[in-house]
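Shared between the two complexes below is chain A, which pairs with chain B and chain C, respectively.
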Partner chain A sequence: MGSLEELQCLQGHSDRVWQVSWSPSGDMLASCGGDRTVRIWRHDAANPERWLCTAILEDTHSRTIRSACWSPCGRFLATASFDRTTAVWQHQGGVWEVVAMLEGHESEVKEVAWNPNGGMLATCSRDKTVWLWEVQPGHEYEVVDVKHGHSQDVKTVRWHPLGEVLVSASYDDTIKLWVEEDDEWVCAQTLAEPGVGHASTVWEVAFDAVGERMVSCSDDCTLKIWGCCRADSGEQQWTLLSTLSGFHDRTIFSVDWSKQGLIASGCADNAIRIFGQEGGGEQDQVDSAAATPGVWGLFMQQDSSRRPATGSSSDKASSSSDSGVATFRLLSTRQPAHPLDVNCVRWHPTDPTLLASAGDDCCIKLWRWHAAPT
Partner chain B sequence: MELINPAPVVHERKATRRRLARATLKSGEEDKREPIDSLEVFEHIRDITDPEHPYTLEQLNVVSEEHVEVDDAGGMVKVRFTPTVEHCSMATLIGLCIRVKLLRALPPRFKADILLYPGSHASEAAVNKQLSDKERVAAALENPNLLSMVDRCLGSSF
Partner chain C sequence: MAGMGNPRPAEAAGTDIFDSALHLEEQHIHEGYQDGLQAGRRSGRAEGKALGLQKGFEVGHEVGYYSGCCQLWRQLQTQDPQLWSQRVDKGIAALEEMVADFPLGNPRDERLQELMDGMRGKFKALLAMMGLQHAYRPPAQQQQQQSEGGAAGRGDPASFDF
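The block that comes next holds the complex of A and B.
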């Protein structure tokens, strides 16, 4: 089924680590947390297997740094803080400096995300809003839209890999998809129907490699897999494909989808779990169904015969879906992965078997995924 | 400021019987760590002061030993508390005080669930959700005003 081997434990933060983020090329890892600092980790030149802290970014945020996101070019790092600001850092000549401070949110900023072409930033906040910022020449950031719509604390924002959709998720238990229409961003869809949407706070979402599927994680202890269907007009319509329930014992704070199709989850029960798709080997590249939008029509059909639980470690675990094609199975559970809550899991962008995680234990861990021989 | 509950019923601080504990241990078990039990957890929170009255949470019957569950091996603590009135606007603050006290007093491996006693509050689900959101708890504790209120309530409990 596969297993996670712990490669290294990166220590240095003096408080809970909230998030880790790989640079686009994967040569750097940024981490941030309750100690109000960002640490930048790189390969040790003398020992390429080991990662070292090579920079500490501090004295800019006065409260917890909740999120850090690299620009697609890898030269900028944006950081979101409970101090209501978002900072943009530039890495030049081996030095990190703040080149912009984005202010306007009325409460804690929970997440920042750069769009795929690097021209826009999205931020979200406890103040229930999502802000869109356009990058202007000279490190100027202009607010192009402020989106109200969530009724509570917005926990996360993520861009679709093609950049045309922004996803936000909230303490109000909903996921919202935002698209641009005539210079304005509008809510195209809210994933919240009773029995379909999450039953509690949605903490994070992640897309698969091609952006045809999305996974969300929640305080309701489930993961949900969503599929995209394109109407003839080209509009996206997202529907629930599968709910993975019974696998997690407490809040799931983080989820990430590797380019090879593996889903990792970070949970308040201290565990990291790895899920893969039923039917295909876990090392499959993106399967043909995901690459062919038309096939997603399959998932629109209601199937009354729910599949029985598969590949689970507990009797109550189940992965119900409208089509067997979308059934995921638990491949591996690492428990404990950290001695305390796991707050973040992130696959390396180019090495598909390398995973980073962050925990309440102030540590970051690097893991190697070993798929079991078939 | 008008009090939410101007005349609360005040109960006496109960004497607790400490367990026979060590006396009953068989020889050879003296070095064993004594597991944390509900009485020990109750001892940590019973003397927290109510935010608006000069009484402890125990004196106001907000907390009691019977409503504390502990699973030492599993590292779980569950505390159910009962506000003096069911529209109490202090419920979140009281729950936050209990959470902070347990964060400070128990080994970090313990995961605490702080919940309203079922049926004891008009906004039970909303208060429970807020108390279980560790991100919002962390943000609240970075607010100096809120933190000083919490510390004032906790001052009597150490």
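The block that comes next holds the complex of A and C.
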């Protein structure tokens, strides 16, 4: 149990804020949105508790900037736009400039993601493709591969923390996992079987700190927790561990997993919810569906659902597993977190109880998670 | 019924002289059904053939387009061997292989869509590597532009009527 305390509301954008992204060291927050700008926020030197806007990146994209992502070294920021391009910005001494423009997508670019070692960028678009770019010296970006496979708008791309796997999710309700094979990228797995995969658009995915589990959020109002097993051949095989349903009544647009294991979700009902695994205690077992057989028997998977949310703070997800790896409880609901849709939630990389959120209300909010004393 | 009496043993059942009168309606239904079936077969075959020709052309057109592009690029390469980077060279070779392996003769091949996707992706990646995105447009996109009323290509074969 616990609660979210609102620390600050960052205003300045003149249109909905689509995404926020923390720099790797956590000293800066980048936000982007419908006003075609990126804002960079930093601690106020005079008042370290407050954040202020220290830079506005504009006059580059001609349409909405949908996504912003920092390079692992923190020196570069990539921005993906509805104008079909992805820009790479470099900052030095407070000065920001565009060092590269990546063209190729045939329609709106929805997300850009740097791989963990900073050597590659992935982008995805409404044109149904995922593009992989390799970073070359001199701010050159070379296309490595163009992946078809999704049958609809690809909403998100995200890298596994170890960098071997790229995940994409789409309006076509599927999640695809891509791996490199002889200089080409292939779709190693598609998470989409009836009763297992999501029943509607998958908006975002997030990995836990070590990359053993993944959470996905969807227009079908559920969060799904996936776990990874390694086959004899060394390949990863992802299976469904549990489904958290009955907690959200509207589309879940964003999900993020903190270093301490908390899952935050941003929803079209204007709320932010925090889920966590708390050891011990009774668990509700309601309407457990038949177990989905595990590939290697490491986890006992159950696809479970519960009664419709009553809004009580004792709501629990009903799922069970031998090792409890997928037993999540709803710890807190902050409603309304924004007066309109919450588009993005992101945990701070080094301060595990600091959360940023972005909304259709043109604002960014900073939150502090207070766990209830045990 | 008057007049039935004992049927002659030599006659097979159902060849009674009154049968055609008794079962007139069923007979008409049967004949009508057969006629309809025949007519349906003819029109279905004609429609299927037209659709097959159209789809076949589209697939052949796209594969041929990629093949032509590869040939052109190779010709340019013989004139200037330093033209393309090694990565581009490898990419062209991969596309050539995909074109050669494409099962043009087997419309029922299950991998058709997957193979086509692979070629499209490789072609787009090559264009991006060469910096030629604006110079070329894959046929699928040309057709889309046409239907959306975009700029018409000159003599675009996709508009041929077969």
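The rule is short, and it goes like this: the second predicted complex is superposed on the first by the 329 of 374 C-alpha atoms of A that agree within 3 Å, B and C clash if a C-alpha of one lies under 4 Å from a C-alpha of the other, contacts with A are read in each partner's own complex, and residues count from 1 in each chain.
One rule holds in what follows: a contact is a pair of C-beta atoms (placed from the backbone, for glycine too) under 8 Å apart; a residue touches a chain by one contact, two chains touch by 3 or more.
These numbers come from a predicted model, not from an experiment.
Q: Chain A residues in contact: does chain B have more, or chain C?
A: Counting contacted residues of chain A, the larger count belongs to B.
Q: Counting only touches as set out at the top, which of chain B and chain C does A:103 meet: first, second, both, neither?
A: second
Q: So in the superposed three-chain picture, is A:369 touching just chain B, just chain C, both, or none of them (first/second/both/neither)?
A: Neither: A:369 stays clear of chain B and chain C.
Q: Does the superposition put A:82 against chain B (first), chain C (second), both, or neither?
A: first
Q: So, A:63: does it touch chain B (first), chain C (second), both, or neither?
A: A:63 contacts chain B only, not chain C.
Q: Check the residue A:144 against both partner chains and state whether it touches chain B (first), chain C (second), both, or neither.
A: So A:144 only meets chain C here.
Q: So, A:41: does it touch chain B (first), chain C (second), both, or neither?
A: Touch status of A:41: no partner.
Q: Applying the document's definition of touch, where does A:238 land relative to chain B and chain C: first, second, both, or neither?
A: Touch partners of A:238: none, neither chain B nor chain C.
Q: Report the residues of chain B in contact with chain A in the complex, numbered from low to high.
A: 108-109, 111, 129, 132-136, 138-139, 142
Q: What does chain A use to touch chain B in their complex?
A: 16, 34, 63-64, 66, 82, 108, 110, 126, 153, 155, 171, 200-201, 219, 250-251, 268, 339-341, 360
Q: Quick check on the complex: what are the chain A residues that touch chain C?
A: Chain A residues touching chain C: 103-104, 106, 129, 131, 142-149, 183.
Q: Report the residues of chain C in contact with chain A in the complex, numbered from low to high.
A: The contact residues of chain C facing chain A are 87, 90, 117-118, 120-122, 124-125, 127-129, 133, 141.
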